[in-house]
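Since the structure comes first, as structure tokens, the remarks are kept for the end.
All chains are identified by letter, namely A, B, C and D, in their written order; residue positions are counted from 1 within each chain.
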């Protein structure tokens, strides 16, 4: 029953990737996790299926190690990245992978996105980090899982909180974003693309532009996320 | 009765923000003021409500100090900026805040937009100014009101007329625009985005591009705004 | 009777400006000329009227000196530029003025657009020229007519043929394009915007990019315009 | 009978060029080849016909030397490039020529597109090559055929496999792409435009950005093309 709801959420999140233009062709995928049972279950898009024809029953269900529990189609080729993120970041409930144009360009340039403004600060606490490239060893010994591993390594090395920093750029590849559920993850993927566009033009206009002062970014982040949140109808 | 009309104008201006793509998600808001009564009344968008479902009765009505006079929803989190602008710029009747992409990029770069061409000159007399960043003191002692205060400070310091310069870039944040009513304000917000796009490409093509000669910009500004205006069917 | 046809062509050309996104708001206009009678007649858009509601009977008819022959509305504020171009370039039958984004950015940057590729060469023989800025004297003694005068001066100085070079950038202002009729003029305005976009990115990718070799550009130009034209179903 | 199917595929591919915005006006064309008979037959778009009104019976059928076998309209002016590619690259079944904006800008800049990321690597094995400009001799002695000849010369000089590198930039002109059939060719033309956009922004963000490591690009290329392909529902 809950799983039925999750299936529908995951279909909606995948369609939202297409509707917002975050991934050409089928270069993107969304998943969600149900952690309420004894064994957590991951619901993910099948590989290479068009967003527009995707139905809840097409989705693939796996456990946190990627073992298929249900589903006739092959899961997204990025499955092992999703499951590793769910294992390592227990606070998150949805993961989205896109090839959105500006975020992917920052990833290809190997640059993290500085916090140049309040829109960024409302969603991401500090820069959007970029991973290191995968080593030859990591590529040959489980490329997709190790894509997750370089993300986690970066977060551990910097002491980053995946709730406060809900996305990342994988160097030479593309962005991943996450959130409390699949809908939240796709919103973060969309905002990430938006701030990547703003930041691209900011550095073009001012090559030595620096991040906004800490007192401004803290205020914005806490306005939406702190205990005294003032944004929206809560 | 008049207030009913104003409500409809403010709903239309908020929808125009969305229709023209000036603000992703709900990152934008429009308000109008009725100065005809003994006490001026501000009509503003509620916080975090989607533009497409916004109805006149959802709007919040406050006095010029931001005290709520009518409305069940929480007003836009930017209310105190709007009311300060209405108090300090008594000539204006509408205020619009957007996160339009190119204007926001100039704001993030901390650069004012030079008057590179006649389209700019038709609407803005001189550069579109950029504020200073807010100090830590200003952030902690009334962030939203002080966002208005840095705008006004910039206009006073430069001796700018808010009728001749109907918009501003708040450094590290985004643009505000205003006009004789909410519809005029949203048109200025849209033109500001357009000239920000042109100016972005102008500096990319010619890093040492200068403003158009004063005799050209004066001619254009007066063509639309002076007593001998020749544009349109007046 | 012929004039009725011309009215419809000019309405269609003005709507095409809007449909192709070549001018925001009402920043653009198209006209056509009927040179078949004893006295040539110019049919032009009225000033400040929305493209979507424009009807053949709204158009203004003038002689080549801009004297109104028929029409209740005020003609486009750019009328005197159109009529001067019709007087000085007797080969042309339609004129279009836009504020299309990339062509306007080149105009603001004060740079002519080099012939970087075959698409350019198919339509423009050599660079798209940019005028000089108007002097203070020219602005005060007939600004709109002198906008046409600086265009013609540039063509005379360079020995350019307005049939081979069907458009120009007015420095610090925006583009004008023309053609054998209003439909041809709007196609040239659209191609001009397209090649301005290509050229913008070409110089960003290669700051020292030069024009294509003369033997290639000649071949392309003559392919579409020479006596042995091979393009299309002629 | 087979030819009827091919006609429909070629119409669909031409319409896809327009639908994906890969060529303004009629600056683009798609063809397919039927190699099943004794004599291979090429089906190609007629010259200067609008995509939206194109019907299967409008197409022109030629042999591999460009001799017309069937069709009342004049074939695309680029016919001789298509037929030369079919003669020299016997593995390919469809050719598409576009003037898509970013790929054309790279062609105008005379730069090949480095493999900056995994999306590129999924489709193109190594950089997207750029040809040399045509010499005066090549222009005068069969310009269109020699456009194909400079493409082939570049592939031979670099030892490139047209199956692994399904597209090219013709210097100062525009891209060509190909594939196993016309639909595959148009998909490659679309992906080429996408990676050209990403690469444009990558070099703007990081002028010294290098290609992704060989172990990553090999992995991605083989993931989609090798015998152990894991992408999609195969």
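Just so it is clear, a residue touches a chain if its C-beta (ideal position, glycine included) is under 8 Å from a C-beta of that chain, and two chains touch if they have at least 3 such contacts.
Since this is a predicted model, take the numbers as computed values, not measurements.
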If you walk from chain to touching chain, how few steps can bring you from subunit B to subunit D?
2
Centre to centre, using CA atoms, which chain is the farthest one from subunit D?
B
Given that subunit B and subunit C are copies and touch, would you call their interface same or different according to whether over half of its residue numbers are shared?
different
Rounded to a whole Å, what is the gap between the Cα centroids of subunit A and subunit C?
47
Between subunit A and subunit D, what's the gap in Å when you average each chain's C-alpha atoms?
34
Taking each residue of subunit D in turn, which ones touch at least two of the other chains?
204
Examine which chains touch each other and state the graph shape they make (line, ring, star, complete, other).
ring
Could you list each pair of chains that touch, in label order?
A-B, A-D, B-C, C-D
For subunit B, which residues count as touching subunit A in their complex?
24-25, 27, 46-49, 73-74, 77, 99, 101-102, 104-111, 133-136, 139-140, 143, 172-174, 200, 203-204
Residues of subunit D defined as touching subunit A within the complex
116-119, 187, 190-191, 194, 197-199, 201-202, 204-206, 209, 212-213, 215-216, 219, 223, 230-233
